[in-house]
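What follows is subunit A paired twice: with subunit B in the first complex and subunit C in the second.
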Partner chain A sequence: MILAFTLIVTLFSAPLLPDAAAIMEAHRQATAVQDLTGQLTYTNISKSGRKQTRTLQQYILRTDKGDYTYNLLLEFTDPQDVAGTATLTIQQERKDDEQWLYLPALRMSKRISPSKKSDRFMGTEITYEDLSGHLSEPIDDYQYTLLGEETINGRSAYKLEALPREGLRTQYGKRLLWIDQATHLMVQTRFYGHKGEHLKTYTATDIRPVGSGGHHRAHQIKMENVQTGNTTKVQYSGFAINAGVDAAMFSTTWMETR
Partner chain B sequence: MHIFQPLLRLSYTRPKTTLLALFAITLLMAGGLNQLETRNSFDGELPADDPINQGIEAAKATFGERSIVLIGLETGSVYSPEAAQKIIDISNELAKVPHVLSDEIVSLATLSNVSHRDWGLETGGFLDELPADEAAWQQLKADVAGNAMVLDRLVSADESLTVIAAALEEGFEGGTVYDAVSELADHYAGPERIHITGAPILVEDVQRGISGDSRRFIPIAIVLIFIGFYISFRRLPGVLLPVGMVIMSILWTMGFMGYAGLPVTVVSNALPVIMVAVASSYAIHFMNAYYRLADQHSTGPALAEATLQKIGLPILITGLTSALGSASLLIFKITSLREFGIIGSVGFLLATVICLTFLPAVCALLKPPAGKAYQSAGLQRFLRSLTQMAQGHRRAITVAYLLLIAGAVYFIGQVKIGDDYLKFFPKSHQGRVAAETFNDKLSGVRTMDIVVDATAYGGIKDEAFFRNLNGFQDYLMDYEEVGHTYSYRDVVHHLSTNLNGETDALPGSSEIAQYLMLHEMSATPGEVFALRSEDDNQARIQVFLKSSDPEVHQALYEDIQRDAARFFPEGNTPLTFGGDVMHRIALGTYIVEGKVQNIILALLIVFLSCLIIFRSLPKSLMALLPITVSLLMVFGLMGVIGIRLGISTALLTAMIVGIGVDFAVHYLVGYFRDREEMPADEAITHNSLHTGQAIAYDAASNIAGFSVLSFSGFLPVQHFGWLLALSMLLIFLNTMVLYPALLTQKERQLATPEFA
Partner chain C sequence: MRHLKNILKTLLGLYLFGIVATTVAQEADNNWSTTLHGQARVLSRYYPGQNPAGLYRWQGEARAELEGEVSYGKYWKGRAVVIANVNPDERRRNRLWANEAYVYYRQGHYFLKAGKQTVKWGALTGFSAMDLANRYDYYDVLDTEAERLGLWGLEARYSKGRTELMLRAFHPDNRSRLYLEDNRWINLPQRMAVPGGEAAMAYEGATSHYQKRLPLLSGSLSTEVGRVQVRGSWLYGNNDIPLSQIQLQEPMVSPVPYEVQLHFEPMMISALNLGTWAGEWNLWGEAAFVDSKRIGETGEITPDQYTFCSLGADRFWAFEHPERHLRLVAQFLQVFPHQSGTYAPTEIDHIFQTALLIDTELQINYNWSAALRAVGEFRAEGFYLEPRLICKAWAPLRAELSGGWLGGSGQSFFGHFKTNSRIALHLIRPIL
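== the complex of A and B ==
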C-alpha cells in the first residue's frame, strides 16, 4: 500500500517530459520553411583577435527533390569590391549537392565540385555538415537521448545527446543539443570528435518572431572552435519566411544575367 | 693586498672558523642550483629598441607567428599507394599530438586545391581519397605540378620528398611535442625515411644537448684536473685541496646564477668547464708556492702565511683582471653574452676569494710537507732550452713574430661572421640532415618575411599596388639563393590561371578582390591572415632561402633595402622585415660591432689594471704583449680554417685577455722580485724555470679543462673549447719566448741595471 502510494506520488509530482524523438521532430518543424530570405553579416575572428567581416543576402527555397532539401543562393553585398559574387547550392537527398560559383569579374558562373561535409562554409568555422543540420536536422541519421533540462542564456531548454547511427559518415562522434522549450529552436550545440574531444560550440541568441506565421529565428549565432580558438559570429536581419521566392533565381542564368 | 690582509689573516689564524663559514656559504649557494633555469631559444637576445627587432615584432603582431614542426617523408616516389597512405596517416596522427593545432596541419592530405577541369572547378583536397587508377595518379601529379604553392614547397620536383607541417599552439611544451613527433617518425619509418625538423624540434635538440653537455663536462673536467694536479705535485693534498676549491667555485657560481635568475644558455653552458680551468689555475699557483716554501717553515699556520705573502698578491691581481676581462662582455648588446660577462666576473672573483681563504685555512691545519717540492726534470729542461733559445735568437724571433702577425692580420679579414643555427649540430644530426634535405630538394627552410605596407585600407587589392608587388617578387626570385616566394600574389595568380587559363595580363582591382574572396571561402583564417592584414592594407611576402649562410642573408637584406624603391616608386611604401633569418642578421651585426669594442675594452681594462698594479707604463704594456699577439694568431687561424665568429666564439677575446693575462702577471711579478736579488740574465733564467713551471702547470690545466668543451654536442662550443685551449698554449709559449727575449734586449740596451 505504501509502495503503491509512493509510486503514484512520484509519477504525478515529476514533470512530464516529451521523448527525445518528439522534441527533435518539433525542432525540425520549427526550422522547416518553404522559403526564406534575409541578410546575414558574418565575422571571422582569429584566435589573436583579427577580424574579417562580410555581408551577404541569402535566398533559400525548399526543393521538390526530397522532404527537407533546399536550394540556396548566397550573394555578397559588402565589401563593395566583392559585391555580386555568388554561390548557388542545389541540395539533393542522399546525393552530392550541385554547386556553382559566380564571380562578377569573370561574368560567368563556374561549376565547382560538391563540398564535403567537413569543408568550411565560406571560410567560417561552420562546416557544410553544420549548415545542413542548421537548415534541417537529419533526424533519421542520429539516435537521440533526452538528458534533462537546463537553462541556456535565460531560456529553458531540453538537453539531448545525438549519436550518429552506424555507418554514417560524419565529422562528429557526438553532439550535445539544447533545444529551446518555447520555440523548439537550437540554442546551443556542443560538437565532439570521434575520440570524445570537444571541437566546437554553437550558441544562438536574440530569438525573435519572424513574420506572422508563428516562426521564430535566432538573430545572432556564434560558432567557437575550441581547438583553434577561432570564432565566427553571424548577425541576421531582414528575415522573411514563406513570403515567396522566385524559383528562377536558383539558376546559373539568373546569376549571370541579373 | 694590505687592505685585505686582516681578512686573509683569519684564514690561517682561525682556520676552523674560516672553514665552517665557507661550508655554510657553500650550503647556501648550493640552494640556488634548484632555481637554475635553461633558456634554449634566441628570442630576447636582441635589445628591445633594435630596429630589426622592432620590425620582427611588428610583423609578428600583424601576421602572427606560429612555431612549425616539419615532418618529411623521403622515398622513391611520393606518388605510390604506400607513401600516399602514410601522408594521410601521419597527417591524421599529427592532429592528435599534444599542442598541435589540428586544423593547421598542412600536407597533401589536408590542403585544399582549386584546379581546372573540363566540367568546371575541382575544389577538393589533393588526397581526399587514394587515387584508384593510373589516370587518377596522373591527375594528382598534374594538380601538384600546376600549383606553384605546392610544388617545391610541399612536394619536391623529383617526387622523392614531401612535407607535412604542423603549427603548434602558443605556450606549447617542447619536450612533449618532441617525444610525440619522434615516436610518430619512428613508427612510420621504413622503407621510407622520415625526417623531423623545424624550430621547436631543433630548439629541443639544443635543450637536450645542453643538459647532456653539462652532465658530461663537469665529471670529465674534474677527473682531468685530478690527473693534472697529481702530475704537478705528486702528493694527495696537492690533488684534493685544489679539487675541493674548484668544486666550491662551481657551486658558488652556479648558485649565484640560480639566485640572480641568470639562465643556462648555449653560451653559459660552457661556464662550469671554464670555472674548472680558471679556479684550478689559481690553485696551482698557490700549491706551487706552498710546496716550494714548505722546507722553510715548521708549522702549518706559518707556512700558510708565508704562501699567502708570496703568491696572494699575484692571485688577487689575476683574479681581478680575469673578472674585469669577463666584464668587458657587457659591451655587447646580445643578452646571453652580457649575462655571461656578469656570470664570469662574479665566478672569477668568487674563485679568487675561495682560493685565498679555503686553501690557506686547510694548509694551516696540516703539518708542513716533508721533502723537496716536486720538479719535473723534463719540464725544467724544456723551459731552460726555451729561455736560452729566446735570449740567444732575439733578432730571428722578432722577424718570425712580425711575419706571423702580418699573416694573422691578413687572415682576420677572412673570418666569417654570424652563427648558422643549423650548423650548431654535427653533420650526422638528424635535425640538420632533415633541414639540409629540405634545403636541397625543396625551396629552403630558412625564411625571411617582408611586410609591404600599401598605406591605405584595402590597398593591397589595388591593381597598381599588385603590379608593383608582382615585380618585386619577380626581382626576389632572380636571386639564386631565393628558392621560393609566397604572398597573396601567388594565390591570385593560381586562381586566375585556373579560372581563365594561362595569361600574362595582370588582374584588375575587382578581380583581385574576388579571387581573394574565393581564397577566403576555402582557406582557414590562419592561412588568410598569414598573407593579408585585417584591413588589407599590408601584405606579407614569405621568402624561402636555400642558403643558410648568415652573410648571404645579410647581403640579400641590404640589396632588398637598396632596391625596394624601384618597385614601389611612390617612395612611401615602408618595408618591414621579419622571419627567422632576421634574428641572425641582427645578431651578426651586434657581434661584429660588439667584438671590436670588446677587444678594445678588454685590453684597456687589463692595461689600466696593470698600470695600477705595476705603476709603470712599460710594464703594463708588456703585460698586454703575449695576449695581444695570441689574439691575433687565434683570430687569424679562424680565418684560415673557416671557423665563424658567432655567439660562442665571440667570448674568446674576453676569456683570452682575462685568463691569459694571468701568465704575464705571474711572470712579470716573479721576474721583478728575482731582479731585486740577482742580475738580469740570472733573474730571467731563474724566473723562467720557477715561475715558468707554475705557468706551465697553469697552462696545462687550462688546456685540459677547455679541451673538455670539444666533447660538446654543439659545434660552436667545440670550436670555442679547442680555440681557447690553443690560445692558452699560444699565450704560454708567447710569454715564455717573448719575455726572455725582450727583457734580455732591454736590459742590454739600458745603461742602468734597473728596468723601468
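== the complex of A and C ==
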C-alpha cells in the first residue's frame, strides 16, 4: 500500500514533458513570421584570428507557395567595398532556390546558378540549409526524439535529436537541438555529419522580446565550425516583425533602383 | 601648399554639408530619414616608360566623395554625391562637383528617377556594346570605373513579375570629359609632312561640331523565359567619343597653327542579351548592331557599322579553406565590321575587335586578395595585364597595389600606348 502510494505520488509529481512533436510545433510557431526586417552584422573569425566583418539589411517575406518558403532580400551596407551589393532569394519548396545577385559596379542584377544547400552563405559558417532551417524548421522532414532537459547559457531547454527522414537531401546525418522552454526558440544546435562526426555548433543568446506581437528573437548568434576552427558571430538589431514589407521589394527592379 | 589648402577647404566643406544635412533631417518630422557616408581615396601612379611627347611620369591624386540620401515616406527618395578631386600636378583635375543629384519616386510597379545620375548602359557581366555610350572622365582611359560622370535626365521603369520595361532620356550636353592636351592617351600632332621634309605644328584649340544635338534616348525590355534571362536594348544619341579632324589655320606660318575639330556624330546601338547557367557556371552572351561613324582612310567622315558579338561565363569557387575563394569572369568578343578597312589603334570605340577578357580575384585570406585583369586582342595583336594585390589588414583602410602592362603590335590600342604601362597604389578609406 505504501509502495503503491509512493509510486503514484512520484508519477504525479514528476514534471510532464511534452512530446517532441509538440515542442517542435511550438518552435515553428515561435519562429514563423509573415515578414521580418532588421540589420545584422556578422564577423567571420578564422582559426588564426583574422576577422572579416560585414553589415547588411535584411528583408524577409513569407511566400504564398508554402509554409517553409520565404523571399529574402539582403543588402550589404558596410564595408564600402561591398556596400550596395544585394542578393535576392526566392525559396522554393522541395526545389532549388531561385537567386539573383546585384553588383553595384555592374549596375545590373543577374540570375545566378542556385546555391547548393551545403554552400556557405556569404562566406560565413552558416550554409544555405542552415539559413532555411533558421527561418523555419521543416518539421515534416525530420523525426524528433525528446532526450531530456538541460540548461544552456542560463536558459532551461528541451534537448531533442533530429534525424532526417528517408530520402531527404541534407548535409547532416543528425542534429541535436536545444529549444528554450520559455520562448521555444532554438538556443543551441549541434550538427553532425553522415558519419557521426561533430561538424558545427550553433548558439543563440541575448533573447529579447521584439515588438508587441509576443515575438522573441535571439540578438546574437554564433556558429562554430568544429572541423576548421572558424567561427561566425552575428549581431542583430532593429528587428521588426510582421510590420508589413512591400512585396515589390523582392524583384530585380527594386535591387537595381535602390 | 596651395593644393593642401584646397584639400582642407574641400574636406571642411564636405564636413559642414554633412552636419547641415543631418541636422535638417533631424529637425523634420519622422517621415524623413537620411543617411550620409563618404570615402577618401589617394592614388599614386608611376609610368616607368617615357611618353614620346615627354609628358608626366608621376601622378598623385586625392579624392573625397560624400554621398547623402534623404527619404520621405515610402515612395520618395533623393540622393546626392559630391566629389572633390585634387591633383597637385594637373590643374584640370582640381574639381569640386555634384556628380549625382536626383530624386526618385517608386510605387508598386512604377519607378521614376529625375535629375543628375550616373548610368551604366550595358547590362552584361562583362563588356557590352551598350557600354560604348557610358560617359566618363577620360583622364585615364583604363581606370574609368570611378570616373563615371553624372548625366541630367530621366529614367522610368515599369515592372510586372519578371518583366521590366525601362525608358531613359538624357540631355544632349551630357558628354564625356576629354583631355586633348598634355595627356598620355592623346597624341596631338607635332609635325606634319610637307614637300621636302617636315614642318612643326602648333595646337591652337578645339571646336565642337554636331550634325544634330541629339538627346540620349534608350529603351530596354527584359524578362525571364524559363531559366533564361532575355533583354533587348536600344540606344540612340550622339557618340561621346568625337571624331577629330585637323584644320590648319595658316599653312605658311611656322610652326603651322592648327585647330582640332571634334565631330560628335549620331550613334545607334541595338543589343540582345541572353543569360542562364549550367551547373555552377553562369553563362551569358550578347549580339549587338552598332551604327556609328568614323574617319575614313581619306579623312572624310564615313559610316561605321558593325555587329558585336560576345560570349561569357563566370563562376565563384568557395574552397575547403573557409577564408579562401576564387571569382572568375571570362568573355570572348568578336566584332564583324560591315565595311572594309582596319581600325586605327587610337579609335577608342574599337579597342576590342577579336578579344578575350579575363577578370579574376582570389581571396587568399580575410586580409589579402590577389587579382588579375587581362585582355588579349588577337586581331590587332595587343595585350593588357593588370595584376593587383589587395590588402585589408588595416581595415577599414583598403590598399591596392597594381601594375598595368600594355604591349603588343603598334596597330593595337594596347601596343600603341605601351609607354603608358604603369604601377599604381590606391588607398581607400571611409571618412564618415
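As a working rule, the second predicted complex is superposed on the first by the 252 of 258 C-alpha atoms of A that agree within 3 Å, B and C clash if a C-alpha of one lies under 4 Å from a C-alpha of the other, contacts with A are read in each partner's own complex, and residues count from 1 in each chain.
Quick note on the criterion: contacts are C-beta pairs under 8 Å (C-beta built on N, C-alpha and C of every residue); 3 or more make two chains touch, one makes a residue touch a chain.
Not measured: the values here are computed from a predicted model.
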Subunit B versus subunit C on the shared subunit A, clash or fit? clash
Quick one: is A:257 in contact with subunit B, with subunit C, with both, or with neither? Answer first, second, both or neither. second
Does the superposition put A:82 against subunit B (first), subunit C (second), both, or neither? first
With the two structures laid over each other on chain A, which partner does A:248 touch: subunit B (first), subunit C (second), both, or neither? second
What is the contact status of A:240 with respect to subunit B (first) and subunit C (second): first, second, both, or neither? neither
Considering only the touch criterion stated at the top, classify A:122 as touching first (subunit B), second (subunit C), both, or neither. first
Let me test your reading of the model: by the given contact rule, A:113 touches which partner, first (subunit B), second (subunit C), both or neither? both
Touch check for A:163: first (subunit B), second (subunit C), both, or neither? neither
Between subunit B and subunit C, whom does A:195 touch in the aligned arrangement: first, second, both, or neither? first
Once the shared chain is lined up, is A:228 touching subunit B (first), subunit C (second), both, or neither of them? both
Looking at the overlay, which bit of subunit C runs into subunit B, 152-160, 242-250, 278-286 or 296-304? 278-286
Common ground on subunit A, meaning residues reached by subunit C in one complex and by subunit B in the other: 44, 46, 50-52, 79, 81, 105-106, 110-113, 119-120, 123, 225, 228, 230
Of all residues in subunit A, which touch subunit C in the complex? 44, 46, 50-53, 79-81, 105-108, 110-113, 119-120, 123, 125, 225, 228, 230, 246, 248, 251-254, 257
The answer for subunit C against subunit A in the complex is residues 37, 39, 74, 104, 106, 108-109, 111, 113, 119-120, 123-125, 145, 157, 159, 162, 164, 224, 227, 229, 275-282, 284, 318, 321-323, 325, 365-367, 395-396, 398, 428, 430
Taking the touch rule as given, give the residues of subunit A at its contact with subunit B in the complex, in rising order. 44, 46, 48, 50-52, 54, 76, 79, 81-82, 85, 87, 100-101, 103-106, 110-113, 115-116, 119-120, 122-123, 195, 225, 227-230
How about subunit B: which of its residues touch subunit A in the complex? 64, 96, 101-104, 112, 117, 119-124, 128, 169, 458, 461, 499-500, 507-511, 513-515, 517-518, 520-526, 528-529, 534
